[in-house]
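What follows is a group of structures, each given as structure tokens.
Shared chain: subunit A. Partners: subunit B in the first complex, subunit C in the second.
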Partner chain A sequence: MKMKRRWGMAIDLDLCTGCGDCALACAQENNMPVFEDDSDLPKRVQFLDLMKVSNDRDAAYPDVEVCYIPKMCQQCEGNDPKNPKPPCVSVCPVVATDVGDDGIVSQIWSRCIGCRYCQASCPYEARAFNWWKPRYEGDFKKSLNPDVSVASRGTVVKCQFCSHIWKRERDRAVAGGELDINAVTYTPACVAACPTRAMVFGDLDDPGSELSRLLSREKKRTFRLIHTIDEMKEKDEKKWKAMMQAKNYPNPKVYYLTSKAWIKEMMKFK
Partner chain B sequence: MGELIKRAIDTIKAEFNSYSTGVKIALGVMFFLTAGFVIFGIQILFWGLGYTDMSNLYPFGQWIIGDLGLVSLGGGAFTTGFALYIFRNDKLEPIINSTVLIGFLCYLFTFIFLVFDIGQPLRAWFGYTYPNWGEHLMPTSMLTEVIWCLTLYFMILCVEIVPVALKHKVLDAIPALHYVGHYLHRIMWILAAAGTFLSFFHQGSLGGGMWDIMYGKAVWFRAHHIYFFVVIIGATAGGTAFMTLCAYLAGKVMKKEVVPAETFHSIAKISGILFVAFFIARLVDVVLMATRWVPLFDRSYISLQGGLYGLWLLVLEFLLLAVVIVMLLPKKNREQEKRFLIGIIAGVAAITTDKLITVLNGSSVPNFPWRDYIWYWPTIQEWFIMLGGLSVMAMIYMWCAKYLPLFPHAEKHAHHEGKSQAVAE
Partner chain C sequence: MKKIDRKDFLKIGGGAIVGGLSGYVFSGAPFLGMQWLIEWTQDQYVPAGGKEEYLKTICEACREKCEMSIRMIGDRAVKIETSNSGCPFSQNALQLLYHPERIDAPLKRVGRKGTVKFSAFEKVSWDEALGAVSKNMNKLIGEKRGHLIAGISKHDNLASALLDRLVKACGSTAAYYEPSLNSLSQAALGGSVEYDFNNADCILSFGARLLEGWGVPCSMNKAFIEWKKKGTRLIQADAVRTRTASLADQWLPIKPGTELILAMGIANRLSKRGRAAGGAEWMAVVEKYAPDKVAALTGLSVKQIEEVAETFSRARNPVAVAGRGGKGVSSSSAEFLAVHALNTMAGSQAAVLKKGQWLGEPVLSANAAASIKESKKLAGLDDFIKNGNFEIIIINEADPVYKSAYGAELAEKMDRAFVVSITPLLNDTAMYADYMFPSLTFLENDTSAGRAPLKPYLKSAHAGDCLISLAQKVDGVKASFPWASYVDLIKTSGASVGAGGVNYNARVLIDQLALIEKNLKPSDEFPLSMIPVELTFVGDGDGMAFPYALKTIDQKTFSQGKLCVEINRKTAGQHGVSEGERIDIASSWGEIGSVRTHLTDTVAPDTIAIPLGFGHMAYTKYAKNKGVNPKGIMAHDIDPLTGTANWWHTRVKIS
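Right after this comes the complex of A and B.
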């Protein structure tokens, strides 16, 4: 597949304060329903989950450290970025989910039959199922985003890097006389909302993008969620190659940055 | 209309009263579970899956275990059909009608449970109209393959069951239907061969391929579709044990010899041999998981066997497999009724445990190192739909065993008994 864009993201955990603005902005932008009991976390519908991780839950101040990890769909691409094969796409029996030439793993709510096979195959728990009928009480209905379709009960929904914003920006650019629509860039809602600029969004294939420059500058601080094979590449390249041949790896396009060793250590299963 | 309902109630009452006290109690429980199946089924279909204990962290639950179990155990229909019609093991003739009916019921209820399990039952047909076939002949999604293969095989089972139904004395008296039944029976080997071909694929894909393809999950992934082939062997082994168990129980309930002992011994022998193959295949699978596939995730196999449904289930599966082999493989054991019964029960239990390991343990394994194992306990809705569905299956089987020629051997036997009784009187 000829990739026109390879949208990715980097989140600097050292800058993240855990304020939750990203989750809020995401919920508003993507018409997240509000349920009677939203404390029922495993059944809550949200694209962006703010995970709280601690170095030692039993430790006392000042030894205890806490980190917030904003986690959305990691937009996996498999071993071959030119022929993306996310774990959730091939499993869908009705082609309700697909990966485009912009690298975004998309989902059509109205095509989904709700079998949840994609949810089971996702190693990042990034997909949410509408266990209840989505409700939008009172004035909430007036604030719904017309660019994002409202999901029905019994369908799986997911983060799509706010790709509707890209479409909107491209329409605007075309109206303004722009011919190369793929040259248009955009910012997802969560990135725009982050008050500390901890989140950076851009094209991983464009060496001039802010994201690419950040990742090449901060190589030592970079890691990916529970993707320990990255470490293997540095330690033993031969073994890494053999492992990559043995199986597909999710190879997510969301990167995290931290200077704290314990956070990276948390990514390993004991 | 009122008269019709009254007659229907009277028929049900007469039917109910024709059984012994023990069976009456069992029927009462099954009616209760069926009532729950209807009530909670409506609730789930109209108000959604929120009433289940499944969640975004635990997306597959009891009904998927039921689907896997039913398809796997129902796989005995194709194995028995294959052994009878292709390998010409004529000893299996007396049990074949029963196995076809059980296969039919297992697949029918797999579809019914799937309808409850998917979030959008009204979109179930999307599987046929928008299949994920990909670029080549082979389907991209294992679930697409399952949907198509299950449907085609279910159609075959529907045709296979027609001659059994047509042998009912009322239908058999109509000459046209008699000939249809007769000629359908003669082409049964073609259906058995086609059924085996299809069944091989969906047994592998639903029970194994669907899981081993998930390359993001350490607990399920195997390269080269190894689990795909392991579960096919499992289905042939467990399925034959299940078919035997059902016929055995039918004989106990009906208090007569429904199937001759040599049929039971023959099918138990087949099951025993297949269980040896399954034992070896599963052992190789576990060893490969522990040494090759799980380490690719930078995890250890034993760390995936924690939580409530971990290591003990795996140990239990192998213990049960050992029991089946010991009870069914040596001739003197399988020809002794108690040991034979322990063997086939252990066989069914071993395959059920295998499915529990796949779904229950597989879904409970944490995806992040800082998370604990997940605990899942089905809600009352899930229990009633599952057990109610199984009750309906059992009742249909009981009714068919009584009124359709499920067991031709028993009918001949009863005929002779009737004659001798008449002579004695």
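Right after this comes the complex of A and C.
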């Protein structure tokens, strides 16, 4: 597949204050369903989960620290970026979830039959299932975004890097006379809302993008939620290659940055 | 017995099938099944389309005046975007604007007080509601009992200044504010402190959770980026490893409630370098707090205290920050004074005392002048709830029944009084209201810069307009309210000016230090300390009405209707408490039950950290009856200068 874009994201945890703006902006932009009690986490429908983590299992007072990790769909691409194969796409029996030439793993709510295979195959629990019919009581309906369809009961939903905003921006560019629509860039709702600019979004294939520059500058602080394999590269390259080739190697396009060793350690698959 | 032949068998079988089928049809099951099928397959709500446009406006909620852009689809606002969105106020604005439980017309009570149901109210016109309220006020003023009219405001803004003026023009001095960073520092220091965080190079925070909702969140987030760029040193003193403490360059893990003692210890070190502030009497108290004494009381080492004092004094432009907490702030007046004294001692340019210049004094009628002599000015809100008296009370956006440690007492007094509440949502205080006036979100407010981007929702009006209209109907008050509308008033209001010198009251300091030292002594009855923690979007309870904010709550704080308190692992072991266990917490002011434990070493030993903002009695179905509100069992000691309870640190026991 000829990739037009390879959208990715970096989240600097040293700058994240855990304010939750990203989660709120995401909910507003993507028409999150409203329930009376959203405190039941396994049944909560949201794309961006603001995880509070602490090293208090390994450290005692006063050497403990806390950190917030915004976790959304990691936009996996499998072991071949030119032919992306995220773990969730191959298991969908109705092609409700697919990956496009912009590298975004998308999902069409209305095509989903609710088998939840994709949810089971996702290594990051990034997908949510609508156990109930989303209700938008009273005037809440008025604040719904027409660019994102409202999911019905029994469907799986997920973060799509707000790809509808890219579409919107491209439509706008076309109306403005722009011919190369793929040159158009955009910012997802969570990134636009981040008050400390801890989140950076951009094209991983474009060496000039803010994201690529940040990642090449901050190699030491960077990790992904797959770094048990990433770290193998330096230790045992042969084993690393074998692990890369393994079926369902996720290879996510979301990068995290931190200067704290305990956060990297905690987020490893053990 | 007759033998069943083939024909009978078929008849019975046929009858059973026909009966079963008709029963099935008449039970409604097939129709319900069909309905479910339709819902499952067809029922996809499609949001209405329309012309897309972006409305530009300025958020005037604080002095940052952030530029905002509202995405409109037809006449619907669907998203708020801003270059500076670290403010929960703007992110939640759309949820408040279109809240299903938003009050859409003035309401009059027809049912019993203290009930949450909307059936206890009926809708009335603005004229009728304003007429009924003014009639009651006129009666009191006519009887020269205007001093029994009171007002409580939430924010220190122009609308609140209007309420202050209205109350005063009626002949009363009983205009109070909910405790906030601004109101507490004004009471303690005589002005609010304007911090120049961008240009400070060393920030010493005494429990102020600077990045978790403290002060103006959007400017704090901006400042945080600057600190990272410039390498500004942040030193945080707190008994809980909060996010601010984790992001700080240095964390001082002090014992709960000892921030003031730490400030004295640092002042003591600065005084050895020839720095002074607050006068001889004040400095005499400072002299008593040598590092070894401070180390023993705060749990820090002498070296740590000396190093911090050294860093602070060597910095080019250091700033010490008082006001423990995030949205819910509680610090003693002595602490505000002692921390401000540190700024004076270090010659900080980054903390300037400012005083708002609002509306000046109103003209008093003869009756008002007579009754104002009867009016006793108390130090602050909790002092007023405890010792004051009122027959009519006007609540401007505030929720003291929920937020004050004396909330239950206030509710009891409100039960007997005539209560008017100006609020967009039915909160815990409005449960006791006789009349409710629906107010606006900032999206519907006209500003000095121009018209509001959105039309007012149904029959709502700005709190300022509501108070101006009310004043027109109250005897002898009209002359003090010459403005046609709130917008008219904005254009004429003044800016803030520098406040005068600070009165460093050594007596208050000595008393407060004695109280802290008394509280620090281990007691057999109440062996543990309890301090509050907050979630940024829940704050002191304001965020609980917004469903999207509820989605940000982590499971270790509140899960499936159960509130969790954080307890130090070792302390839990000593008290025989395990993870997820149900406990009751009791202090000398009361008891709360049904909270779960979360064992974590982010909390100091012998300490419980309890989340604020939960346990509303009202405030929409999203907030109602979720968790518990700890304010009722928190410390009730009223500060002599701020007149509010210093609820931060409470001695408790668990069972």
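One rule holds in what follows: the second predicted complex is superposed on the first by the 256 of 270 C-alpha atoms of A that agree within 3 Å, B and C clash if a C-alpha of one lies under 4 Å from a C-alpha of the other, contacts with A are read in each partner's own complex, and residues count from 1 in each chain.
In this text, a residue touches a chain if its C-beta (ideal position, glycine included) is under 8 Å from a C-beta of that chain, and two chains touch if they have at least 3 such contacts.
Everything quoted here is computed from the prediction, not taken from an experiment.
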Partner chain in contact with A:N130 - subunit B first, subunit C second, else both or neither: first
First (subunit B), second (subunit C), both or neither touched by A:R153: both
First (subunit B), second (subunit C), both or neither touched by A:N31: second
Contacts of A:G20 with subunit B and subunit C, given as first, second, both or neither: second
Which of subunit B and subunit C A:C76 touches, first, second, both or neither: first
Subunit B versus subunit C as contact partner of A:A59, first or second or both or neither: second
First (subunit B), second (subunit C), both or neither touched by A:Y68: second
First, second, both or neither for A:K220, with subunit B first and subunit C second: neither
Which superposed partner A:K238 touches (first subunit B, second subunit C, both, neither): neither
Set of subunit A residues, in rising order, touched by both subunit B and subunit C: 44, 51, 54, 133, 152-154
Complex contact set, residues of subunit A against subunit B: 42-44, 51, 53-54, 76, 87-88, 90-95, 111-117, 119-125, 127-133, 152-156, 225-226, 228-229, 232, 243, 246-250, 266-270
Contacting residues of subunit B [partner subunit A, same complex]: 47-50, 52, 54-60, 117-120, 123-124, 126-127, 130-132, 134, 140-144, 146-147, 210, 213-217, 221, 223, 292-293, 296-300, 303, 363, 367-370
Subunit A partner contacts - residues on subunit C that touch it in the complex: 39-40, 43-50, 73, 76-81, 84-88, 91-92, 94-95, 97-102, 211-212, 217-218, 221-222, 224-225, 228, 241-244, 246-247, 251, 253, 535-537, 547-556, 558-561, 568-570, 600-605, 621-622, 626
Contact footprint of subunit C on subunit A as seen in their complex: 14-15, 17-21, 23-25, 27-29, 31-32, 34-41, 44, 46, 50-52, 54, 56, 59-62, 64-68, 110, 133-134, 136-146, 149-154, 189, 192-197
